[in-house]
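Labels run A, B and C following the written order; every chain starts at residue 1.
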Amino acid sequence: MSDLHTVNKSPFEKNSLESCLRLSRAGSVILLYEDAVYAALKGTAVENMITSVVGDRKVYVLGPDYKARGLDESRIIDGVEVVDYAGFVDLVDTNDKVQAWV
Amino acid sequence: MSETKNFMFLNRRAPYGTIYAWESLEVVLISAAFEQNVSLMFADDGVYELTKGQDTAGIGMKNFSPTYRTLGDYEVRHMYVDKASLEARGLTADDLVQVEWEDWETEESVDNIVEVVDSEKVAELLAESDVVFSF
Amino acid sequence: MPIEVDGKTFETDEEGYLVNLNDWVPGVAEMMAKEDDLELTDDHWDIINFLREYYEEYQIAPAVRVLTKAVGKRLGKEKGNSKYLYGLFPYGPGKQACRYAGLPKPTGCV
């Protein structure tokens, strides 16, 4: 089993995502929501934060938050999966616990 | 009214995650009534405020991105975007809203007052402003 | 105080603005005008309809200055002044016309 790590801060502004990636184990599940959805975007200066972990962590992005920010789903980094609110609930339910990197 | 000042609104936060972007926009709308020279600067995550196609139906928040397009009517003459911030965030000028400006008396018009500028120009514009409001 | 139009109740805030923009029907404007002892003419409706279109496009109620300029451009120069607009809406074109149109009070309007 694994833990669900949630990140909601912009990777450009806070080190929440960086710490989450550094301090979570392989096999962890990561959900990006609110301003953290920008980390899932291709072609940014921080793109490698996510591309370097998609092999050993499962990364999700919350669809409604991503859509609110005017970005097309085709621009999401390969290997990152979009979930809706129900999917968020399922992730909480199917993992051992939730750790929030606020 | 005393002499006209150059007001610069410096926007450095992404929309929706925090209230800064909306608060800045509200102050810009109000300040138009004071007949000052108002310019906006978008840098860091602030460049994300201007993305086209925002759809907030799924998050239950007001989508205020269409409001930027009326700023020309509020006599905002310049909306500058820091090129380095834009590029670092995977965006180009094509991803951003366009804002028209028109002088309704002379019918002089500008198709798009959103302008991508380099860091040197950003520094110059900030330095030349009389007042910088930070959000 | 809520207002009633054709047996339907519309919720308003403490200043009389409609709580839910999407609830609006023309009868709301007529009822609000009636309470102000005002008869709505085509000239009033031109302004109310313009305000609703503006809100639909930009998601805010326009400031009076913006409204005045837009009316001048859209409905003719002779109408693009505050005298004309105050003639139609004596409580203020921003406040009163926006209220009739079901819009929130314009930003910066006290």
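Some points to look at:
As a working rule, a residue touches a chain if its C-beta (ideal position, glycine included) is under 8 Å from a C-beta of that chain, and two chains touch if they have at least 3 such contacts.
In this text, all values refer to a predicted model and were calculated from it rather than measured experimentally.
Taken pairwise by the contact criterion, the protein chains link up end to end in a single open path, with no chain closing the loop. With respect to subunit A, maximal separation of chain centres occurs for C (centres as means of Cα atoms). Contact tally for A-B versus B-C: the pair with more C-beta pairs in contact is A-B. Subunit A and subunit C have Cα centroids separated by 45 Å. Separating the centre of subunit B from that of subunit C, both taken as means of CA atoms, is a distance of 28 Å. Residue positions of subunit A with contacts to 2 or more other chains are absent.
Those residues of subunit B in touch with two or more other chains are numbered 63.
Subunit A makes touch with subunit B in their complex at residues 8-10, 12-13, 34-35, 38, 41-45, 47, 63-65, 67-72, 75, 84. Contact residues of subunit B toward subunit A in the complex are 13-18, 44-45, 48, 51-56, 58-59, 61, 63, 65, 87-90, 95.
Subunit B makes touch with subunit C in their complex at residues 26, 29-30, 32-33, 62-64, 66-67, 69-70, 73-74, 104. The part of subunit C that touches subunit B in the complex is made up of residues 54, 57-60, 62-63, 65-66, 69-70, 72-73, 107-108.
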